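What follows is chain A paired twice: with chain B in the first complex and chain C in the second.
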Partner chain A sequence: MAINRRTFLKAAGLTTLAGVAGHAAMELLAPGALEAARPESVGRFPEELTAKRWAMLIDTKKFTTVQTYQRSIDACHVLHNVPHIPGDQEIKWLWTDSFKHVFPDQQHELVPDAIKNQPFLALCNHCDNPPCVRVCPTKATFKRDDGIVMMDMHRCIGCRYCMAGCPYGARSFNFWDPRPFIANIDPYYPTRMIGVVEKCTFCEDRLARGQIPACVEVSEGAMIFGDLDNQDSEVRRVLRERYSLRRKPSLGTKPHVFYLI
Partner chain B sequence: MYNAGKIIPGLLIFLGLVTFPFWSNLGGAYEAPELVMPEAEEECVLAGDWMRANHMILLDDWRDLAVRDNKRLFTNDAGKRFDMSLTKTCLSSQCHANKDTFCDRCHDALAITPNCWDCHVVPTVGEE
Partner chain C sequence: MLEKALQGNKAYWGWIFTLLVAIGIGFGFYVVQLQQGLGVTGLNRDVSWGLYIGQLTYMVGIAASAVMLVLPYYLHNYKAFGKLVIFGEFLAVSAVIVCLLFVVVDLGQPQRLMNVVLHPTPNSVLFWDMVVLNGYLFLNIIIGWAVLHAVKKGVRPASWLKILIYVSIPWAVSIHTVTAFLYAGLPGRYFWHDSLLAASFLTGAFAAGPALLLLILMIVQKVSDLKIPKEAIQTLTKIITYAWAINLFMLLLKIFSAYYSQYPAKMATFDYLFGGVGGEQMMPWMWNFVFLSVVSLVLLVIPSTRNNPITMTIALVMVVFAGWIDKGLSLVIGGFIPNPFKVHTEYWPTIPEFFITVGVYAVGLLILTILYKVALAVQRENAS
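Coming up: the complex of A and B.
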């Protein structure tokens, strides 16, 4: 059959329309099928913790060795089924690194040895101006109104643009199926599948159910979490009283993890 | 046609192979598998009939609402509240704790493999 370009385009257009109309057609064919999404039937838990702008403080005077940090790292990684993969393909949400790597622009020869050799905790900074969000082609990475930079693992296509975009190395890519690398899988948090990027989410699913982030909970006061927009919050009070650093401020990403010095 | 003796049988074999899935499934009537229903719970989140036909739509909506809109509390027509979570609600020990005898029986009979469980973990039977 001879088919000219015009006929082909018409057919292509129609099939596309049919695809677009799929969801609407569903409503016609199965009325009420989408009632699960009725706005009045879905909401938030009354105990949800809310903020205009979530932020985290890390007290580097209380956290001085890898051991002091380890409890928080373990709490996070166990809760979120973060696999333990040795080597350079490791998956990490919360980790420690040297002063030189965490604060490369605060370097000079006279930094005291104690600080030079101290490990610093690192995680996604939930930046106000996050390059990872800007470059993600699928909107799998997006910023919520309360400042949390979210990962929708369902939508991630594993292109790793966000990893190239993030100047803090806060994202990990699953080169393998992570399940064999998780010692005790917690059934109440999903694992990831191969080909998906992951990172810290400020425990947004815990906040939604009224709990503070797991790392903060076990940190014995060495981490503080709260609403930066609220003048009376603990985070604001402490930031008024103590000197703090942010990572790579010159990049303009406006990190919302603050290191108390 | 030049070489018709080879081309025509070749085409026939090709057609046979391509249509194999259609004619090989002809005949056998579909039998709905027997499912083991939850013991502790009588009512589903929404009416059973509706869920049978549309559970995938509900799960899809729940997923987007929870992850994208941070809405995780579902109230059904009877006013009962549920955590919009596949593992914490649907697969909890109170409901479909046994994926094999509920979810899989239908999915296997229909030869579909939803990839939900590549990430979402099935809580083991009896464990809370």
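Coming up: the complex of A and C.
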């Protein structure tokens, strides 16, 4: 059957339109339903650690100096090929900052000196209600069922809307090609390219191989990682026993990094 | 009809050549940015949007302002705007193209741009901004071109065009509303998190847009046989006056709610912008903004200065420039300062960033020049 150019263009246009609109409508009515559910059989290791809701606790009583934190930061950055770029265009997955910066709404004039001068770890909070996921125009940032907020660096267009959306300053952008800034490239984790956003992923690559996050592993018990939905898990037990803080709770993002006080 | 843009005197070709040179320089710097990354800009981890996204915000307003001509002409049958509507629509076309180009030059991975279409994400305001901006672009191209064709043939515009024109009116409002939602919907960015933002975007646009259009038309009047009806100028300057007054009023509302409540997060960006707390880079610009805003408002409110061509022109230039400081500079940059850690990291555009910006504007001016050239030629033929 012959098809002239006009008919072809009409049909092509309409099917494209229907495809785009249909997808959009589906997303609006049933968010996430079209997201590629992780296939049960493909690429999963039998030893994979799973949880309904991953969460991290940071014991600020055990971590009191930058030196105590440094092992965790190094483990994270070395393992994930995080480049050392000097200046304000740097890349950070896990770092420390002062109490008044990490908890700006909690600080007042009479905070004890010990706490005032103590560094606190900062990282992606893997929020339950993550603004970065909401604003991302390509689903390059998405939340997994187990609560991990993930980055697809091959999908990211580098619009940096997630950086504007994140109220915790947890995201870095590759202003430069990161590779020349990596001292020793770890061949087991991808280096990133220029022009994409990146951040902490709760070591989902390690969880898939049955290992806990690198920072937790080397923290000598100062960090705890586990399933918040499991009543008997260590994270739940410790949260029952100790008082904890979350960053900027008033914003309603429900961070899943808890600071034990 | 486009061939009409190929006839012109020496001055016309000199102007076109100047624009091409500016585009060439901008493109050269863009190639450098593509190869080396956005590291060549002044952007950083804390201020992740800057000059480019500021220009997007400002030019969306310029595009939306076309409705200030379309609405009175088509909805209220206000004849004085008859000959000018096409120029408003063509300004909108070039302004939207400039907006889209600023999005592209701001991307870290521009070759993945189509991901926004391939993976439509209705929960992202950026997706909707793409939809409304492209929609408005096509609406104005179709409307402007079809109306011009009708004028050329000396017939009444087709009736289907009326529907598109009516659609374009709320659509103009939508482009600036959705662009405001890009900012207003973010938690923890207190300077932006403001339900008034879309409304103040529109009032600022309805002042700066028509002001820029009038200034451009006055230049066109000098170099061609276009005659702007006196009544049209008077009506437009009144629109500018009211819009500008409301825009400044809304700014005062924000300042009141921040400072009377003494809410630190709400005061922080104002402290930085106007008080130089944590860095003085923006302070001189902001006080210039205050000066330009107040003086232009006074000049516009007093009838004798509003109707005097010289003082009116001064006021229009001031409104355009003040509007630019407000949206093109302070809104986007200020929103990131201080950062989520209450740390002040400053930002200032670099030389590549500046020339890429100039280049994008030159593309817009080139498109505007060609469209205006065609429109003027058609109108002249029709009149003779």
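Operating definition for what follows: the second predicted complex is superposed on the first by the 221 of 261 C-alpha atoms of A that agree within 3 Å, B and C clash if a C-alpha of one lies under 4 Å from a C-alpha of the other, contacts with A are read in each partner's own complex, and residues count from 1 in each chain.
Basically, a contact is a pair of C-beta atoms (placed from the backbone, for glycine too) under 8 Å apart; a residue touches a chain by one contact, two chains touch by 3 or more.
Since the structure is predicted, the reported quantities are computational estimates derived from the model, not experimental observations.
**Student:** Looking at the overlay, what does A:Gly169 touch: chain B (first), chain C (second), both, or neither?
**Tutor:** A:Gly169 contacts chain C only, not chain B.
**Student:** Can A:Pro86 be said to touch chain B (first), chain C (second), both, or neither?
**Tutor:** So A:Pro86 meets neither chain B nor chain C here.
**Student:** Contact-wise, after the overlay, does A:Arg144 reach chain B, chain C, both or neither (first, second, both, neither)?
**Tutor:** First partner only.
**Student:** Between chain B (first) and chain C (second), which, if any, makes contact with A:Ala208: first, second, both or neither?
**Tutor:** first
**Student:** Could you look at A:Pro180 and tell me whether it touches chain B, chain C, both or neither (first, second, both, neither)?
**Tutor:** neither
**Student:** Does chain A have more residues touched by chain B or by chain C?
**Tutor:** Between chain B and chain C, C touches the greater number of residues in chain A.
**Student:** Once the structures are superposed on A, label A:Thr191 by its partner contacts, choosing first (chain B), second (chain C), both or neither.
**Tutor:** first
**Student:** Where on chain A do the contacts from chain B and from chain C line up?
**Tutor:** 193
**Student:** Touching residues of chain C toward chain A in the complex: what are they?
**Tutor:** Listed in rising order, the residues are 36-39, 41, 43-46, 48-49, 103, 106-110, 112-113, 115-117, 119-127, 130, 182-183, 185-189, 335-336, 339-343, 345.
**Student:** Quick one: in the complex, what on chain A touches chain B?
**Tutor:** Touch list, chain A to chain B: 26, 30, 32-37, 40-45, 81, 142, 144, 150, 152-154, 185-193, 204-205, 208-209.
**Student:** Can you check the complex and tell me which residues of chain B touch chain A?
**Tutor:** Listed in rising order, the residues are 46, 50, 53-54, 57-58, 61-63, 65, 67-68, 70-76, 83-85, 87-88, 115, 118-124, 127.
**Student:** Would you mind writing out the residues of chain A in touch with chain C in their complex?
**Tutor:** Going by the criterion above, the answer is residues 20, 23-24, 27-28, 31, 87-90, 92, 97, 100-102, 104, 131, 133-140, 155-161, 163-169, 172-177, 193-197, 248, 251-253.
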